[in-house]
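By written order: A, B, C and D. Residues from 1 in each chain.
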Amino acid sequence: MNNYAETRIGILGAGGYTGRELARLLDRHPRARIAWATSESDAGKALGDVIPGVDGPALVRADDADLAGADCVVSCLPHGDSARWMERARAAGARAIDLSADLRVPDADTPAWARGAVYGLPELHRARIAGAELVANPGCYPTAALVALAPLIRRGLIAGPVIVNAASGVTGAGRAPRRELLFAEIAEGFSAYAVGNVHRHLAEMRAQAAGLADGAAPELVFTPHLLPVKRGILETIYVTLAEPLDDPRRLWADDYAGEPFVRVTAEGRMPALADVVGSNRVAVGVAAIQDVSVPMLTIVSVIDNLLKGAAGQAVQNLNLMFGWGETEGLA
Amino acid sequence: MNNYAETRIGILGAGGYTGRELARLLDRHPRARIAWATSESDAGKALGDVIPGVDGPALVRADDADLAGADCVVSCLPHGDSARWMERARAAGARAIDLSADLRVPDADTPAWARGAVYGLPELHRARIAGAELVANPGCYPTAALVALAPLIRRGLIAGPVIVNAASGVTGAGRAPRRELLFAEIAEGFSAYAVGNVHRHLAEMRAQAAGLADGAAPELVFTPHLLPVKRGILETIYVTLAEPLDDPRRLWADDYAGEPFVRVTAEGRMPALADVVGSNRVAVGVAAIQDVSVPMLTIVSVIDNLLKGAAGQAVQNLNLMFGWGETEGLA
Amino acid sequence: MNNYAETRIGILGAGGYTGRELARLLDRHPRARIAWATSESDAGKALGDVIPGVDGPALVRADDADLAGADCVVSCLPHGDSARWMERARAAGARAIDLSADLRVPDADTPAWARGAVYGLPELHRARIAGAELVANPGCYPTAALVALAPLIRRGLIAGPVIVNAASGVTGAGRAPRRELLFAEIAEGFSAYAVGNVHRHLAEMRAQAAGLADGAAPELVFTPHLLPVKRGILETIYVTLAEPLDDPRRLWADDYAGEPFVRVTAEGRMPALADVVGSNRVAVGVAAIQDVSVPMLTIVSVIDNLLKGAAGQAVQNLNLMFGWGETEGLA
Amino acid sequence: MNNYAETRIGILGAGGYTGRELARLLDRHPRARIAWATSESDAGKALGDVIPGVDGPALVRADDADLAGADCVVSCLPHGDSARWMERARAAGARAIDLSADLRVPDADTPAWARGAVYGLPELHRARIAGAELVANPGCYPTAALVALAPLIRRGLIAGPVIVNAASGVTGAGRAPRRELLFAEIAEGFSAYAVGNVHRHLAEMRAQAAGLADGAAPELVFTPHLLPVKRGILETIYVTLAEPLDDPRRLWADDYAGEPFVRVTAEGRMPALADVVGSNRVAVGVAAIQDVSVPMLTIVSVIDNLLKGAAGQAVQNLNLMFGWGETEGLA
């Protein structure tokens, strides 16, 4: 479909929900082309037989992927498995984007090849992404939380722990068959998990918040929930302010004035999943909390977990890395 | 079906979700009998044609209801409309249970006939309900919140505002046709509403919390959300403690040890909608929040909004008012 | 809960959707008591921890089940695995009900112990079930189809192939984790399967239809579909009549006049899932087809696949086998 | 977004599900531009506030629409209301596409201005659409049925009545608030409607089938059902053949070989909603029916009711009418 597209993209792990979404985006991208895509279980099948409506080469096993034949390798492999493939891709000379959590929080054990990985949240790190060879694509929950909180964190306006109450559609839990993800278990249901501040995404949120705070970052309390929907994340965030704000909404409006994918809702209106599902947008709404003795805000932040929370943000990063228009191939 | 049942119940407003659920419960109740049931739009139809599987007399308009011919009149009418019917039922000599919000928060304007209304949350006010002539059946959100918070409020253990992040199935919004409640609007969606502490249920929660606190009640922050499920409420509650607790779960286990409808989940397990939908139970789980500098708890509380949050609790109150077994006719 | 209940029931395979539903029914049954229940994966756990709201003994592995300690053993084990357990239960002296397909269609290979199995569709075989030691509980699709078609088959009124277009909720596919049953695959989806008349239930339908026809049974064309709902089956059946009928609905009204669980809908009204889900009812509606040159009928037949299509019908059979009221413990 | 696009499109009735979908498609179309869009209830609001992610002018009331300022007026108004607006649009000199049923089945009462309306199913009438000034966009059910049946009808291969058993997502029922379309009524439900061959779409199907048959068209039996999904139609069609066919699938493969939007599934595989929702595709699968004494086929045909069944097909027609690539702006 995109014969004139020259940049060759390899997709590692195209069979999961994120990989399929990425393939759909790249299939319609005006400047990129799927050079190859891997799936251990569907190797040998045509891409279009596995992902309806997508043209492209037959799927191959990861071991058979032509890493050097891609200008950029994008990994949708699971956490723990992804890093070694990213290392190989880099060694083969390809630029790389990792959608797993493996490279997002560098620490003392991070090997040399991975140390330069840029955290791929364009609204926070656009300039560094532009020149990056290796990008760690953010987690879905952190993306929604960091865009929502950055205006307050940067200004040092937060006092006391921040409550991030989050709810995600089930594609966030992956496509491997598990009983608790069956339709008959999820439909008409709703549940919290990782209650008590024990979710893996906390380290990622804390590291980024600390970077923004330039010192004392706010404490975070994070509770994810599982929604009976396919896709979408909504986070309801409660913040105690260090001082009252006359017009809190203006902070977000100012900070995100030129952002192509951030929408700050009108005064008095809160965003819902329907405002963003199917798009790469983040929508954020802010309201002062009435009738409490300390100044508090509620912030509602929504994204499509498969797009701005994964594959869409990866394409946004790809656009920046290769110097294309940031919105190309994205809605 | 229940020929031997002698106590005659009248249902005002049997066509909505709450009224239908109440009719289903009473149809199978061993001691109660539906004497009459009203519906303005379905008057004249057999009860079983409107509510599949329920036997009973043809529906009548409220104006034609034989108020004096009921031992107890239960109102499922909308807020604002219900109080005047409760007044008539009391004047006709019937005992009464009001499922609307009209009588829940007495104030200086409350007329004399309504002043004796007992707030019908048996886990807090069982003794007073037993002798009551008039019961104000609690709201669905307050029921889940108050059962969850009572052990802390009673003991004066709460410091600072409590965050009550709540999500409800759509039957909580009623059965009147509104565009925003259409399947195509709700399915695959999720949204917050009344953001910023402006929901009507706050006054009810605050009044009850004050009663429990015997003075200084905690401040409350309450955000409801609309879930794409038919029924069920899950509240995720964040509390800052006045002092650390060694074994927080024990407070709930102790306070609710003999309660027939309260389940405190095992250590490390949180309740979900599936634990309570279709039953009159409240299920509560508690977890300490890790990695914050102040002692904090997360409490998860779940109910079926149509049962423990409405019709089931009304039957529980009915059982208490008439001296029957508290669990009769309830699962 | 049912201390006075004396009849001891053993459940083989209580962890699947059918087994769980059966446990819920028996927990509330006035004359039966769960003596034991098996689950290979949940052995050792309390029944109430696995099935919310159900009291009963801890689950055991099937090998540890006290077959002789049950008055009746009910198997919810998978097809292929069930028969050998039924044989053991019979050898241990227990009466038995098999919910699998293993015993439904006897043939030349059926062993002696299984030859007396009665096909447990009370609306067709009530008298034989009453004295039965071994009952083969019908499949969900055949139950809905046979109740719908019996009035025509018995009278020899069908000409040409009958089209049975059926749709089922996903609990019919079992609780084992399979990718194609994940929420994210099923929600917002709909699909046909076993297209071209190749579904296993056809043999069962044909055998029963032949028995009713006393000779020349009608040909059947059967296409099942998978609905994005948890439970419920709706079959839309197209029949060409051997001769026009003046008042077709009367056939069903006459044949099922005394049936406690069959509802024939009013003229001009068709049943829907909501009429039966949660109950043991079958609801059937009939309409003549306009504007075709041969006399044709459409019949719509609905059941709850887990109740009248499985566990509810098993309890109905149990009631008949033990001489109790046919509707005891059933709604 | 599309500054270089010159062709001005007016949308009548942009607030319903079809109108919103059309606005989304035109917003991204490379050659068309939304000149104006009407909504009686949302007039005055920005298009993007009513349809997330869509740029365009503020909505106006239909009476204020600049009919003459559009190169093509597309009506998404309800049946009965649409025709008079189409007449005005034509009188104002605009070409026009009508998505309502008003112009699809011309008869003796059809006024002169409407007589030239071309039935806009490109797979059947591509050449005539190319030059058309006025197009009657097909109904959703007829689109899926006619694409499925045309290969058999054209060849005169059908004997006896054809059964079209169809199921549609709820957006097909429109966006006006009605109790029976509330989430709490539709979720976990399924129902047939217009049973007995009385649906309005039958006349449209019969008229087109007669045109294809060049004389004796097959009789049709059509039963629609309401699915608990937002969008998508699946039709399961049963045909008795005049003679056996060796390789039935080849008829569809041959007839639709060059069609950009028709997919004939591989032998042994049937299409499901997930294959087409979100796209303008029709997917068709065919299987011979085993074990019946006459030659019969089952055909499964699926579309997205809002795209190939409405707005997508309208854009396909627009592309043909204006001589653009048939797939432009469509996925």
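Here is the rule we use: a residue touches a chain if its C-beta (ideal position, glycine included) is under 8 Å from a C-beta of that chain, and two chains touch if they have at least 3 such contacts.
Everything numeric here is computed off the predicted structure, so don't read it as measured data.
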Farthest CA centroid from chain D: chain B
Larger contact count among C-D and B-C belongs to C-D
The distance between the C-alpha centres of chain B and chain D, rounded to whole Å, is 46
Here the gap between chain B and chain C, centre to centre from mean Cα coordinates and rounded to Å, is 36
So, in whole Å, the Cα centroid of chain C is separated from that of chain D by 39
Touching at least 2 other chains, the residues of chain A are 169, 185, 187-188, 228-231, 274
Seen from chain B, its contact residues with chain A in the complex are 160-161, 163, 165, 167, 169, 185, 187-193, 195-198, 202, 219, 221, 223, 225, 227-232, 234, 236, 238, 270, 272-274, 277, 285, 287-294, 296, 298, 300
Note: in the complex, chain C contacts chain B through residues 28, 49, 52-53, 187-188, 266, 274-276, 278-279, 281, 331
In their shared complex, chain C is touched by residues of chain A numbered 17, 169-171, 175-179, 181-188, 228-231
